[in-house]
Amino acid sequence: MAHVEGHSGGAVGWIGWLVGILPLSLFIWYITMIPAVSEGHRYVFSAVWIETLAFRFTLEIDGLALLFLILISGIGFLIFGYAGHYLQGHRHLGRCYLYLTAFMFSMLGLVAAGDLITLFIFWELTSITSYLLIGLDHDRKSARDAALQALLVTGGGGLALLVGFILLGQVAGTFDLGELALLGSEVQGSALYVPILLLILLGAFTKSAQVPFHFWLPNAMEAPTPVSAYLHSATMVKAGVYLLARLSIVLSGRDEWVMIVTTAGVVTMLVGAVMAFLFTDLKRVLAYSTISALGTLVFLLGLGTPAAANAAIVFLLAHALYKAALFMIAGVIDHQTGTREVTQLGGLRAAMPITATIALVAAVSLAGFGPVLSFIGKEMLLEAVFSGGRMREILLIAALISAALLTAVAGMVAIRPFFGKRRETPVEPHEAGAGLLAGPLLLAFAGLILGLMPDGVTRGLIAPAAASVTGVPEELHLALWHGVNLPLMMSAASVIVGVLLFLMWEKLRTFTVRLSPLKPATPSAMYAYSLAALNSIARGQTRILQNGYLRVYLMTVFATVLALMGLLVLRNGMPPVTLADWSNLRFYEVVVAVMILAGAFVAVRSESRLGAVAALGVVGYSVALMYIIFSAPDLAMTQFVIETLTVVIFVLVLYHLPRYAKLSSSPARLRDAIISIAVGVLMTVLVLAVTHTDVDAELSRFYVENSVGGGHGRNIVNVILVDFRALDTLGEITVLAIAAIGVFAMLKLRVERNDT
Amino acid sequence: MLTGCAFLLLAAVGILRMPDIFTRMSASSKATTLGIGCMLIALALHFRDVGVTTKVLLVIAFFFLKAPVAAHVLARAAYRIGTPLWKETFVDELREYYDQEEYLVHRRGGLERPGEASPQADEAQDTSPPST
Amino acid sequence: MNATTTFLWNLLLALVWALAVGDLTVGTLGVGFLAGMLVFFVARRVVGSEAYARKIGKLLKLIAFFLADLIKSNLRVAHDVATPKFSMRPGVLAIPLDVESDGEIITFANFITLTPGTLSLDVSADRKTLFIHSMYTPDAEQMKKELKEGLERRIIEVTR
Amino acid sequence: MSVVLNICFGMLSLAMLISVIRLVRGPSLPDRVVALDLVGVLVVGMIILYDVATQLAVFLDAAIVLALVGFAGTVAFAKYLERRARPD
Amino acid sequence: MRRSLILQTAARYLIPLLFLFSIIVLFRGHNLPGGGFSGGLLAATGFSLYVFAFDAASARRALGVDTHAIMGAGLLCALLSGFVGLLRGSAFLTSWWGALGGEAVGTPILFDIGVYLVVIGSTLTTVFALAEE
Amino acid sequence: MNALLAMPVIIPLLGAALSLLGWRSRRIQRGLGVLTSVTLLVVSVLLLARVSRDGIQVTALGSWPAPFGIVLVADLFSAIMVCVASVTATAVVFYSLVSIDRRREAFGYYPLFSLLLMGVCGAFLTGDIFNLYVWFEVMLISSFVLLALGGEKPQFDSAIKYVTLNLISSAIFLAAIGMTYGLTGTLNMADLALKLPLAPQQGTVTAIAMLYLVAFGIKAAVFPLFFWLPASYHTPPVAVSAVFAGLLTKVGVYALIRVFTLLFIHDPAITHTVLMWIAGLTMLTGVLGAVAQNDFRRILSFHIISQIGYMIMGLGLYTRAALAASIFYIVHHIIVKTNLFLVSGVAKRLTGSYELKKMGGLYASYPWLAVLFMIPAMSLAGMPPLSGFFAKLGIISAGLAEEQYLLVAAAIVAGLLTLFSMTKIWGEAFWKPLPSDVEAPGAADLVAARRMMWPIAVLAAITVSLGFGAGWLYDLSTRAASQLIDRSEYIRAVLG
Amino acid sequence: MLWRKNNVRIILAIVIGTLYGAALYMMLRRHIVKLIIGLALLSHAANLLIFTAGALGGLQRGRPPIIGSDGTRLIGAHADPVPQALILTAIVISFGVLAFALVLLHRTYESVGTDDLDQMRGTEE
C-alpha cells in the first residue's frame, strides 16, 4: 500500500496543482488547435536528425493526435493535482513529478510523432518513465519486480516494433507517417508484409496489454494510484491502440490484419472482463477492466471498417475519462480507509457522500448504460459488429458477455463499497478533500456531459480523429437516443445479465479458487518460468564457457584455429606443399635442427624445472646457430645475450617457484598431445605453403640500395632498426621499459606493504 | 683447428663419461678453454687481419679468465648443495672446514632431512622453496 | 689505481677499440679513448685499487709454465676419457695460501682450475686456505707441495 | 680444406649431441648446467668454423658475444644452487 | 652467505671488459653486427654478473644511477633523435647526419644510444628487483 | 610534413619518459599524467578536424616513402578512434586522480597509463602491419602491468589468463605477419592491399586471413575466444577496468575492421560469413554471461563481449551502412562502457562492494549518481534518444537491408537481455534498500565519490549529446565507412 | 631459379611445427612453470617462422645483409634483412614480456599458493 502517511487538504498538497500549470497550459494550447485541425489542417514540425539514416525528427498534429494530446494533457493536469494530495509527504514526491512530467512529454511526443522512428523514440521513453514510476516505492521487492516486468514485456515488444518499423520503412522507402499513409497498397503487396505486421503487432499488443501479454498491467498496480490512473488506464496503455489506429491506414485490409487483431482484441476483451470480475483488489479489478477495454479497442480497429473506427474513437475517449476517474476514486477509498479490498468495504456512502456520487457516475460509464458517452460508444460498437461481415455472431456474443461482466464490475466498484452494511476499515473513513476529488469529479461528469451533448466533441475531436484512422473525412453524428433498435436491446439485456452477475458475485467468486490449478499455465507464470529458465541457461552456458580452466581456454583457441583451417581445407583443398629434394642440406644443419628438437624434447619431458630451463637454453643457442648459418649475425648475437639473460631471470624466479608435480592424467596428456601435434602440423604446412613460390624482395632491395647512401650504415639490419623502421624500435624499447616497470612494481609494491 | 675441435669433442666425451660432477667439470673446463683457444688461433692465422686478431686475442684472454671461474663457481655450488662425490674419492678436506667453520648444513651421506629424496635423484638439487 | 695506470689502461682500451672497430685512424682512436674514459668512469667503483701488469718477463715465464702444464694434463685426461678404465684417484684438498691479494688468489685459483685434473672449489673466509678438487692425487701432500712451489711461487714472483 | 672443415664440423656436431645426452641424463642440475655451458662453447666453436667455411669474419662477433655472456648463465645457476644450500 | 672470493675478483675484471665490449658493439652496430640491443644487453649482463658476485644493493651502488632514470633517459634520447627531424621540418624520426672528427654522426646513432640505455635500464631494473627478492 | 599525425604516439611517450626521470615524485607523475592526456585530447581533436577537412593524412616516418618506411595514416576511422580514445582517457585520468591509491601512483600508474594510450593510438594510426604488432604489444604489456599492479590474489589469478591468452594472440598475429610478408614481400598495409590479390595461392591468403581473425578475435574478445576478458576485467582498480573496457577490445575490433576491409576482401563468402556467425554468437553468449552474473563489474564485463558482437556484425555485413553503424557503435560503446565502469567505482566507494547482494540504497541517497548511471546504462541498452539507440538502429537497419534476419534476431534478443541486466543493476544497487549490515560511507568516501562523479558527468553529457547529435556522428561514420569500403582513397594517400 | 623450393625450408618447417607443438603441449599442462616454458618455446617458434617464411629469396648461407667496408653494394643473392629486423624486434619484445610473465607467475604462486593452474579459478566462480 502506498505511503498513506500524508493528509489530504494540507497546504502542501496544493503544490500539485501548481505543477499542473504545465499540462494545463498545454491542454489549453491544444484546445486552441481544435478549429484548425477539425478543418483538416495539420501542424507539422520537422528537423533532420540523422541524414544518413534518412531520419527526420517529425511532429505532426492531426485529428487523431490532437484527441490524444488533449486527453493526455487534460487528464495529466488533473492527475498532477490529485497526486499532490495523494502522495503528500511521500519521500520521492519531487521525483514523482519529474517522472510524471517526463512521461507526459514522452506520451505527447508519441502521439504527435509524424515519423516511425520519432514515434519509436517516444514509445521507448514511455516505457522507461513508466518503469521508474511503477518502481516509485522501490523499497518493496514487489514494486521492483513489477516495474521490471512491465519494462521487459513492453521493452521486448518495443524491440520487435523497432524491427517492424525499420522493415516497414525499408519496404516503403520512408519513415514518414504522412507518406506512409499513401503507400498502404505497396506495403501490403510486399513479401515482408506478414513479418512487418507481426512485429508491429507484437509491439502494440505488449504495450496495450493484449492477451497473452497482459499480465504486466495488473502487476503494475504496484505503482501509486495517480500513476496507475494516468499511465495504466488513460494514456500509456492506449499507445498500442494508438499505433494500430495510426497504422491501420497502412496495414489494415489484408486478412492477416483482421484475423490477428480482431482475435487478439476479442480474447483480451473477454479475459479482461472475466478477470476483473473475479478479483477483489479495487485497483486490480480496474486494471483488468482496462485490459478488457483495450481488447475492445483493438478488436474494433481489427475490424477495419469506418464504423468500427468511429466506435473505437468514441469508446477510447469515454474510457479514458471514466477509467481515470474510477482509478482516482479507488485511490481516494484506499487513502481514506486504508484498504482497497472490495470485501472489506461497505457502507461508505454516509462518510463519503461526494465520493460515492462521483463513483456512481463513473460506474454508469463503465457499465455503459445511461446518458453517458460510453453508452454511445457501446451502441456504436454493437452497430459496427453488427454491420461487420465475418464472425459477427461470435463477436457479438463476446461483446455482450464482456459488457455484462463489466456491468457487474461497475457494481462491485461503485455500489459495494458505498452501499450496504458498513464495514470496519483500517482507517476511520471521512470525506476526502477537494484536492483529491476535483479530478475524478471533473472526469466523471465530463463523460456525462459529453454523453448528453456529444455534438461539439464529435465535430471538434472525434470526427477528425476517426478521419485520421480511416483516411476519409466523414460526417459523423453521435446521439444518445437512436430509438429502440437491436443494439439497444442487446445492450439492455447485457445490463440485466450484469446486474444478475453482480448479485451472484459472492457465489461465483468461489469459482476462482477452483481455477487455481490452472495458475502455472497462465502467461504470468510463463513469464516467471522463462525468467528462471533464462537465468539457468545463462548460468549453465557461463559455467561451460567461462569455466576458469586456462588450458581449456587455450585448447578452445587452438581448436578454433584448427576448425577454421579445416573449413578452408574442405572448401579450397590442401595448400600446395611440395616436399622438394633435400640434397641441398648440410649435415651440420641437420645436427643443429636436431639440437633444437632435442632441446625442446628435453624441455617438455624434463622432470626438473631447471633442467627444462637449461634445455631451453640449448634450444635458444641452437636457434641462434641456425641464424648464423643462414646469414643473420645480428639475430644470433642478440639471441645469445637474450637467451643468457632469460636463463638468468628464469633462475632468479624459479628459486621462488615450486617444482614440478604430475598434475595431468594420461588421457589429458594424450588429448593435449593430439591437439599440439595438429597445430604443429598446421604450422609446418602453412610455412611450406607460404614458401612455395618466390616473391619479389622489393623492400630488401630498397634497403640494400639506400642503406649506405641514406642510412649511413653498412649493417642493413641495424639501419632498418634505427632508421628505416625506427618507429618499430621505439615501440619495442617502450615495451621493454614497461615490462621493467611492471616487474619492479610487482615485486616492490608488495614488499613495501609487508613492511608497513 | 682440428686440434681445437678434438679438444672440444674430448670435453663432451668427458662430461659424458666422467663419474661425478667434479670430474666432469674438470674434464670440460680445461678442454674447452684449450679447444676454443686453438680454434681461435687457427682462425686468426686463417684471416691474417688486424681486427680479427685483436678480437681473437681478446676472446682468448676472456676465456682464460672466465672458464675457470665458471667452473669454480659451479663446482663450489655443487659441492655446497651436496652433490655426491664419486665413490672412490679418497679424501675430503673441505667438508671438515665447512662443518666446523660455516655451519653449512650438509646433505651428504646419512644427513638428509626427512621428506627429501635420495641425493641420486635430481630432486636433491631441485627442491621446493623452503616454506617460510 | 693511480692516474698513470689509469691513463695507460685507457690508452690500451682505445687501441683495443680501434682494432675491434676495424680501422686504425685518429678518429677511431679518439672515440675509443672517450669510450675508455666512459668505461673507467662507470667502472671506477667496480675495479677498485689494484696494481697491474708489471714484471712482464716473469709473466711470460709464468704463462709458458702454465701452458706446458695445461697441455700435459689435458693429454692425461684425454687418455683417461678415451680409454675404458679410469686411472683416477680423486680427492678434495686444502692448500694453505701464501698469496694475499685478490689478484693473486684468483690467478692461482684459476690456473689450478685450468690445469686439468684440478678444480678450485673455495677459499676460506680468512683467505688462508684454498680448497681444490683433484682427479689424480697419488699423494695428497706431494700434490700440495707441487702446486705451491710451482704455480704459486711463480705468481708471487710476477706480482711482487 | 673442406675435408678438414667437414671433419671439424663432424666432431663438433658429435660433441653437441653428446652434450645433449648429458643434458637429458642429468642426473643432477649441475650436470645439466655443465652440459649447457659446453653447448655454449661448442656453439662458439661452430661459429668459428663457420667463419672459416664462409670466409666471413662477421660471425665472429656473435661468437665473442656468446663467449662473453654464456658465463653469466652458469653463474646464475650456481647462485641458484647456493641459495638452495643456504641453511634455513 | 659468504660469496665466492674468486668470482668477486674475476667480476672486477670481467665487467669492465664486458662494458667496453658493449660500447664497441653499440657503436659498430651501424656497420657490423651489433647495435643498441646487443650492446645494451651485454652491458646489462655485465652488471647482472656483479649482482651474482656481490649483491643487488652493491650493484645498485656501483651503477650509481636509478635504473628507472636510465630507461627514461633512453626513451628521451630516442625521442630527441626523432624531434630533430620534426624541428627541421621533416617527418618525425627523419635522420640528420653531420661529421665529427671524420666520423659520420647522425641522429640514428643518438637513437641507438637511446635503445642501448633503455635496454640496460630495463634489464637491470628487472634483475636487481629479482635479486632483491 | 605532417607532424600532427605522430603526436598521439609522441606525447604519451614523452610524458612517460619524463615520468621515469621523475620517478620518485608522485606530484610530477600526476601532473604529467594529466598533462599528457589533455594534450593528447587537444591534438586528437585537431587531427580529426584536419582529416575531416583535408582527407586522409599520411606521414612517412623518417621520410622513407611507403612501402619502405613505416607510415602513420589517419583516415576518418583512425582519427575518430584516436579522438574517442583520448576523450575517455582524459576522463579516466581525472577520475584516477581521486580513485587510484598512493601505492599504485608511486609505482608508475600514470606513465603506464600514458604508455597504454601510446599503444592504443599507435595501433589506430599505423599503416604498417608489423608496426601494428608492436603497438599491440605496447598496449598489451602496459595493460598487463596495470592489471597486476599492486594486486592480490584475484588480480594475479586473472592476470595469468589475461596475459597467456593475449600472448597467444600475439604469437598467432606474429606468425600471420611472417606469412604475410613471405607471401607478398611487403608490410605496408596499403601495399598489401595491392599485392595480396597477386599472390599465387589465394587459398593460403585466406588461411592467413583466418589467423588474423583468431589473433584479433582474441583481442576483441569475440566468441569463442573471449575467456580472458570476464576472467580479468573485474579485478583491477576500477579506473583501470574502465579504460580497458572502453579501449582495449576496441583496438582488436579496429584491427579486425581494418584488416577485413583493407586486406582480406578477396573471399567474403567465407571470411565475412564467419565474421557474421561470430558476431551473432558473441552477442548472445556475452549477454547470457552477463545475465548469469551478480557483480556490478562482471555484468559490465560480459556486456563488453556482447557489444563487440554488434560491432563485428557491421563488419560481417560489410556494407557502407553497416560499417558506418559499426563505427558509430564503437564510439558510443567506448564512452558508455568506460562510464559505466567509472560509475561502478563510485558505487563501490559508497556501498563498499561490487557485489549486487551487498549493495543498495543508491537511488534514494544519491540521486545524481542514479542519473549518471541511468544515462550510460540506458544508452547501452539502446534506449532512445541516447547514443546506443542510434547505434543499434543503424546496425539493425543494415542487417535488415542485407536480409540477415537471424543475425538481427540475435541482436534484438541481446538488446533485450542487455536491458534486463542493466535493470538488474539498477534494481539491486540503486532501488533496493541498503542491506542493514552494510556501513554507511565515511566522510572521506563521500568527498571522493563526489569528485569522481565529475568525469562521469562529462562522459554522460557526451553520451546524451551523441544521441542528440547522432546526425553529426553518423555523417562522420558514414564518411569513414566510405573510406573503408572504397579502399582506393586510402591506398592512394599512402602510396601516392 | 626457385630458391625457396629446394632449400632447407622443409627441415626448418618441421622444426617450427615441432616447436609450436611442444610449446602448446607445455602450455596445456597444469603447472605454472610449464606454462612459461611453453611461452618461451612459442617465441622461438614464431621467430623461426618469420625467419623461414620471410626469407623471400630463400634462406642464404654465408650471405649476411651487411655491405662490405669498401662501401660496395651487396651484389647477388643475400639474406633478406627485413625478416631479420622484424625478428630482432620480436625477440626483444618477447624477452620483456617473458620476464614480466615470469615475475607474474612468481607473484601469483606467492599469493594464490598453488602451482596448479586448475586451482586458479577464483575470479570466475
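Each chain carries a letter (A, B, C, D, E, F and G) given by its place in the written order, and its residues are counted from 1.
Keep in mind that, in the parts below, a contact is a pair of C-beta atoms (placed from the backbone, for glycine too) under 8 Å apart; a residue touches a chain by one contact, two chains touch by 3 or more.
The structure presented is a predicted model; accordingly, all values stated were derived computationally and were not measured.
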Lowest number of touching-chain links that must be crossed from chain A to chain D: 1
Chain closest to the middle [Cα centroid of all protein chains]: F
Chain centre separation in whole Å, for chain E relative to chain D (CA means): 26
Centre-to-centre distance between chain E and chain B (centres being mean Cα positions), rounded to whole Å: 31
Intercentroid distance (Cα basis), chain E paired with chain C, Å: 29
Of all residues in chain G, the ones touching two or more other chains: 27, 32, 35, 45, 49, 51-53, 55-56, 61-62, 64, 66, 69, 82, 86, 88-89, 92-93, 96-97, 99-100, 103-105, 107, 117, 120-121, 123-124
Where chain E touches two or more other chains at once, by residue number: 2, 4, 6-7, 10, 13-14, 17, 21, 25, 31-34, 37-38, 41-42, 45, 48, 68, 71, 75, 79, 82, 93, 95, 119, 122, 126, 130
Of all residues in chain D, the ones touching two or more other chains: 12, 16, 26, 29, 33, 35, 50, 58-59, 61-62, 64-65, 68-69, 71-72, 75-80, 82-84
Contact footprint of chain D on chain G as seen in their complex: 61-62, 64, 66
Contact set on chain C toward chain E in their complex: 13, 16-17, 20-22, 25-28, 30-31, 35-36, 38-40, 42-43, 45-48, 50, 102-103, 105-106, 109-110, 120, 122-123, 125, 127
List of chain A residues in touch with chain E within their complex: 633-634, 636-638, 641-642, 644-645, 648-649, 652-653, 655-656, 710-715, 718-719, 721-723, 726-727, 729-730, 733-734, 736-737, 739-741, 743-744, 747-748
Interfacial residue positions of chain D with respect to chain G in the complex: 50, 53-56, 58-59
Residue ranges of chain F in contact with chain E within the complex: 1-3, 6, 10, 13-14, 16-21, 23-24, 59-63
